[in-house]
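Same chain, two partners: subunit A is paired with subunit B first, then with subunit C.
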Partner chain A sequence: MTLLRHTQGGEITERQALTINPAKTCQPIGAMYAALGIHRCLPHSHGSQGCCSYHRSTLSRHYKEPVMAATSSFTEGSSVFGGQSNLLQAIENIFTIYQPDVIAVHTTCLSETIGDDIPQIAEKASEKGLIPEGKRVIHASTPSYVGAAPTGFANMTAGMVKYFSQSTSPNKVAGRVNVIPGWVEPADMREIKRIVAAMGLESIVFPDTSDVLDCPQTGVHEMFPKGGVTVEQLRAAGDSAATIALGPVCSGPAAVELTNKCGVPHATLPLPIGLEATDRFILELRKHNGGIVPQEITDERGRLIDLITDMHQYFYNKTAALWGDPDQLVSLSELLLTVDILPKYVVTGTPGKKFLRQMGDVLQDRKSEVQVRQGTGADLFLMHQWIKNEKVDLLIGNTYGKYISRDEGIPLVRHGFPILDRVGHQFFPTVGYRGAIRLLEQILEALMQLQDVECSEERFELTM
Partner chain B sequence: MISVLEQRASQIHQDGNSPFAMDCEKHSVAGSVSQRACVFCGSRVVLYPVADALHLIHGPVGCAAYTWDIRGALSSGPQLHRMSFSTDLREKDVIYGGEPKLYQALVQLIDHYRPKAAFVYSTCIVGVIGDDVAAICRRVEAEKGLSVLPVHSEGFKGTKKDGYQAACTALFQLVGTGATDDISPLSLNILGDFNIAGETWLIRNYYERMGIQVVATITGDGRVDDIRRAHGAALNVVQCSGSMTHLARMMEDKYGIPSLRVSYFGLEDMSRALYEVADHFGDGQVQQRAEELVRDEVAAILPDLRRYKKVLSGKRAAIYTGGAFKAFSLVRSLRTLGMKTVLAGSQTGNREDYRLLRELCDEDTILVDDTNPLELAKFVQEKEVDLLIGGVKERPIAYKLGIGFCDHNHERKIGLAGFEGLRQFAREVHSTVMSPVWRLVPRRRRQLAASQANSLSTENLRPSCAGECSACDLPHCNIPAGQEILL
Partner chain C sequence: MSESSTTSDMVLGGDASVTAAVVREELLRDYPAKTKKKREKQIVINDKQHGDDGSLQLPVVAANSRTVPGIISQRGCCYAGCKGVILGPTRDIVNIVHGPIGCSFYSWLTRRNQTHTPTDEHDNFMTYCFSTDMTEENIIFGGEKRLRQAIQEAYDLFHPKAIAVFSTCPVGLIGDDVHQISAEMKKQLGINVFAFSCEGYKGVSQSAGHHIANNQIFKHVIGEDDTQRSKWSINLLGEYNIGGDAFVIEDLLERCGIELVSTFSGNSTYDQFANAHMARLNTVMCHRSINYVADMIEKKYGTPWIKVNFIGANATAKSLRKIAEYFDDRQLTENVERVIGEEFPAVVEAQRKYRPRCTGKRAVLFVGGSRAHHYQELFSELGMETIAAGYEFAHRDDYEGRQVLPSIKIDADSRNIEELRVDADQDKFRESDRQQGIQREKQGYTLREYDGMMAEMKDQTLIIDDISHSEAERLIKMVRPDVFCAGIKEKYSVQKMGVPCKQLHNYDYGGPYAGFAGAINFYEEIDRMVNARIWSRVQPPWENGTPAADAISPLPISMEEPEESTNP
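And then the complex of A and B:
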């Protein structure tokens, strides 16, 4: 029995009013994830109870960690009279019982539409003495009908700058860079910090979910684990020598905000997934450390190239289908082309102007062989239809691709968010040279495993 | 006692000596890290298993994305319910209204899939921008000639329970529209089982073995045409009372169908369900078949249960469920396994539920309504539990505390209903409570070290097997007798 036999190939009808099996989700979850990357911060969902519950569940399923967030628990009354009293009560309760340093409020479709003004409510909370000395309430506007999860991440990250970063002197701190890592795994954030340190630079990475969503087992449930960027660091980000934004969608707005507010120059790079993208990151870091690349990093790069040469013959003529967030897709596509795999189909539900241009830059002379779709109608149903019409060898994306994988017998390399059906992914970075090694190992494993399972007995061989 | 949110104090019953006066059915306190969800969530989980219907979510994409195939409600036929359909409202739709999009999406989907009926779920935003969803449904229904049912599930309009009610209201529009001529007087509908891991199939099989015709399963492995003729059944058997009582009541009022409230979890409750159904019909043959069935099924699982009980006796459990009714069965089932329930709570229980729970549990069992992770973690530690039973948000908390976990909610892959379900429940509990991995957990290690200091007997060195390992042949109990565990 074919699962999802409800999808057929053939002629593809345009859909303007309908999304089937989305390749995106709404803004607030991105804001919640970003806010978890602030030390001792409780994300707060200003809307109905369900939003908060869904976001927490989805984040929990992916990271296999408790995810703490509060909600304004809107009622029928709040939808008529506004959510001010809910938020005031929430702020009071949260600081009384959970005692975070920061409450990071994000809005929802409901609270945006009824027009709640969060800064004004926070001001009122402050006047009423509901915000204890030294504690802060910050916010990001994240209506669910605008953007998608990555833009929610971007808005909350920009909010961190708006609320906290300060320029205390025209002389910036040499040798200290801000890195905005984008929506990547806690392990990726950890790896980015390692790389920057290996380059001999001091870094302020924000948000930083390492040691928040990849905590060691200690036998204790910490409401606020030890990780996360501190308010002090966020403040100091305004004095750093430069900001490197990794991924224009997720990290660009915060970097621009830092430039405008504090005069910290920024460079926006693609996510450092794959050889070339990591090269760009290293080259950018080199501008701040006197031009040195330590042997450690050079060796990592060398090992990656060594691996690629070992693998290249198995990748020849292979094709892949990719879906997920724009920042991820651009870098993944580049990595695939580097190793001679064609990213034949690329789909993201997340809107944003830069994506198609960036994809064009990456694809260059192979544009005509690739289908890229973004925004309305760009969903996994469309992807499945494309694949029904012409198959690929490999799927790369989140768990939602498993239906296509099963239906078409195409191996799936799980990447991106969410991964709901595997454990362990949260510990392995895919950024940097070492991350690329991990990713390529997974890709080849998927292809070879399929060959070993499907080939005829006489073709079954011990060696590659 | 631990500190709790002041406004929540009355929703917790901690002390066996104090008079029992628990508050519940309250709206969650704003700012609470509640484990609850919304109206839409309630409607979505109840209706979703109707497998040959179209489920279109009218709103921004999130509500559809988060509920895409999250509940393992199996279907023996169509899989249409496992797709995610959304009108994906954008800013301009919010300004100008989402009705044109809804109409277009419905028409496109109905033309393409030819479903038996369509459910259209309203989300928060729809309630605020004022789309007339019912009018669009009527229009499409007239044009396409199939039932298009609005589900009034705007998230802010109450709790998950109100979502159940909205779902029942939608279902009730289907009931009474099908032919009932071939329905036996010995017939029933199964209400409130969602076929998680195939449970509806098992229960249906029991009734059929008793000689009773099952007309409709609502909604596990549900079909529109069965629901249409559900009014022809002689009895509604209602499980998960929270979600389906409303439908049963409406069917009783309009069609005079009586209903029985049952639970399929645990030996006592499962047997009682079958006996009560048999007694309801008062048919000697059905009663005799029920007795035989219970005897055979119990005999088949008893040896295993005895083995598990031997190892699990004295272990302590905490239960946090969605509905309270499930908690009753769990307390009984744990007792069958020799385990003690030291904490019990639910997201949506009512006063009567908690009174029953109070009676069922021990004097010192803590009862909580609509708890939050902080409370849960503190109680669980304070009571030194070995097992937490809960849903997706509770699992990582249990593991962080270093205690076993059993999912009794959407995500479980093992049927826990019926007699076979109890055996599987015992196996699940055993697999996690007795797992050797807890020996690695620092808190447990400290406890073990403390108990080792008190007594040097080998028993205390065995956190998992209480010295009985050699007596049992279960997967995790393979520690040779006398072997010490490295602390």
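And then the complex of A and C:
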């Protein structure tokens, strides 16, 4: 029995209006995730309660962690007259009951269509004395009819700069860099902090969901766990020597904002997933620590190279289909090419001008062998149609790929968001050299496992 | 005139001072005045007053009222109830969500509805997600053209039996006429195309969406196919086949010789809905999401309805017997008794095994519109007590029983949910079925009856409607239940407090829990949860002074002497 039985290959007709099996989701979930990376912050969804419920559920299913967020619970009345009174009441309730330091409001399609002015409402809340001393209400505008989840992440992250960062002196703090990690797992954020520290630098990483969405079991639920970038740090980000934005879509806007607002210079790099992308990150950090790369990091790199040489025979000339967020796809494609797997099909629903150019840079002379699609109509249905016409050896993407995987007998390596059917992925970084080791180990395991299951008896081997 | 049935307050947990009243006080303590006033009416002590005439007076629960903004609630939206819950489990309708991408994405396969297609040739669109993925331009200039085009593209690609369109919040606001477009496309394509105005801001919860969904199915689909059904034919209303529950029930009914015409909507098809009015009896599982459909079918076609419950072994046996009793046939009664007889030994065996391990433990249930009630059956079969419960989106009748229906006030949020006016269908009304119902009632059989959750719960337990996060957290701290039943949004915060949380929306990817086989699964699952060793290992053994310090020291394993070497 096939799961996706209505998907056929053959001639593919272009669709103008119907998205089938999307390779993206909406802005606010990205904003919510980013806001969870602020210490003692409660994300707030200004709209009907359904959006908030969906975003919390999806984040919880992925991280297997509590995801706390509130909503303005719009009624039909608020959708006509605007949601000001809802937000005022929400602010009062949240500060009274849940007592965060920061409420990070993001909008939804509904409140955006209505045109609610969040800063003005927050101002009103302040006038009415609903915001206790020292507490803050920040916001980001996140309509889903423009952009997608990474855009929401970017908008909320830029909002952190807008609301908090300050330049207190023209002299920046040498040896301190801001790192905007992009939408990666808590373990990735932890790993990025480790790498920067290993390079002898002080860092302000924001947002930072480590110790928020990978909390230890202690028998106590901390509404606001110990992790997250503090408001103090966000303020101080305006005095750092530089900002490194990892991933142009998710992290670029905040870095630009920080340059414009506080004069902190920035470099935008691809997400440090894979060998070359991590090399670039290390080289960038090296600009700020006097040019040193500690042996620890060099050894990690060496181990990755060693692993690749050991694994290469199994990767060579294999093909893969990838979907997800642009920042991830660019770096993943580069990693695959490094080990001689061709990223044959690459699909993202997230719009953004630079993606195709970046993919071109990564693919170079192999462009003609690869199909890349972005934006409307770039969905898993299309990718599956391509696969029906010409199969690949490997799928890399979120859980939704498992339906294609089973129908077509192609192994799936789960990566990106959301992963709804496996536990523990949030503990294992895929950034940095160590992350690449983990990723390649997963890829090889997937390929070998398939071979072990599917090969004929006489070809079944002990050593491989 | 009337008096309280028990004299002392029920102790919910911790020490004897933790009564429902004390807990209630604490849950309400820190709310701002306006919020407190509202929550006071939704957090209620189950103070059961028995009248001399045998009547039962229950306190009023202000259910189905709007969640206060800023409260961390369990609830979702109208759209979720309509598209996700009701239409989600039907496999052969192409469900197009008209709106930006998110609403559609989140309801894509996330509810665990299972379906069984007989062959690969049969349609199954449940694995697909269809959206018009509206852009800014559509929001500004209207999305009607895009919707029309999307319907056309879906038709060209899949040639389905029917296409359904769901409006999300922004669509309602910009005023796209989804019904008009659907009607036009229906004409143009020659298949059924219909729409749901289920924008998320309507009503106060998913419940509004159930209603909108069911109304449209009633209007557009039921009654389309008049194929005759057998004398023991039923519909199962309000069973959504989470984790395969409907499969278990289908199997039981089949073995009893009861024909299942349609299930609303677990493992269902369009054709089953179209033919549903030909069943002789409607059985209602989830009262909340669908009782009004049973009423409407009865009015229009004459089919009587009864409440059933297939959660719990005893409840399952009772429900099967009740169906047999309605049809009043010796053969059928024999069939039912035979099936119960076949199933029960395994149930008893499982109870013998798990009951001693669970008995005396305490559960709390905050979920859905019927499960917080139904699952109490299973807990009591394990010897466990439910000390507090509440629904996420039910109405007063689900708490207090159907007799309160006439006294429920319609507020602004409910007013915008259409109530269909239904009259008897001149051609299709079956007087014989109506008469059968009347006949059975004369003989003492009860139709259309549901007493609600509170009547079955113990006196002085705690009822919390639409529980908030802060209330849940305080409740846990005070009563330390052995298991907390809720959904995914609550799951991990509850467990962080060291209390296992059983998801009763999606069953934590387990199940089925319906019927006899399901009951056994559930006993085993609860045993696993309340007795898992890991909960006693949370405190590190080096943190002394913790109350359970002894219990948590590592197991003794003898290690005094090294193994003797085998080398000479």
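We take it that the second predicted complex is superposed on the first by the 464 of 464 C-alpha atoms of A that agree within 3 Å, B and C clash if a C-alpha of one lies under 4 Å from a C-alpha of the other, contacts with A are read in each partner's own complex, and residues count from 1 in each chain.
By definition in this document, contacts are C-beta pairs under 8 Å (C-beta built on N, C-alpha and C of every residue); 3 or more make two chains touch, one makes a residue touch a chain.
Note that this is a predicted model, so its numbers are computed, not measured.
With both structures placed on the common chain, the touch criterion links A:A148 to subunit B and to subunit C. By the touch criterion defined above, A:Y98 lies against subunit B and subunit C together after alignment on the C-alpha atoms of chain A.
In the superposed model, A:E65 makes contact with both subunit B and subunit C.
With both structures placed on the common chain, the touch criterion links A:F460 to neither subunit B nor subunit C. When the two complexes are overlaid on their common chain A, residue A:F81 makes contact with neither subunit B nor subunit C. When the two complexes are laid over each other on chain A, subunit A has residues 3-6, 13, 15-22, 24-26, 28-29, 44, 47-51, 53-58, 60-61, 64-76, 78-79, 86-87, 89-94, 96-98, 108-110, 113-114, 143-146, 148, 215, 217-223, 349, 376, 381, 400, 403 in contact with both subunit B and subunit C. On the subunit A side of its complex with subunit B, the touching residues are 3-6, 13, 15-22, 24-26, 28-29, 42, 44, 47-58, 60-61, 64-76, 78-79, 86-87, 89-94, 96-98, 108-110, 113-114, 143-146, 148, 215, 217-223, 349, 376, 381, 400, 403. Subunit A makes touch with subunit C in their complex at residues 1-6, 13, 15-22, 24-29, 44, 47-51, 53-58, 60-61, 64-79, 86-87, 89-94, 96-98, 108-110, 112-114, 143-146, 148, 215, 217-223, 349, 376, 381, 400, 403, 420. Against subunit A, in their complex, subunit B makes its touches with residues 3-5, 7, 27-41, 59-68, 79-80, 82-91, 93-94, 100-105, 108-109, 112-113, 123-125, 127-129, 155-159, 373-374, 377, 392-393, 395-397, 399-402, 440-444, 446. Put simply, subunit C touches subunit A in their complex at residues 30-32, 34-35, 66-80, 96, 99-110, 117, 120, 123-125, 127-136, 138-139, 146-147, 149-150, 153-154, 156-158, 168-170, 172-174, 199-202, 204, 412-413, 416, 468-470, 473, 487-489, 491-498, 538-539.
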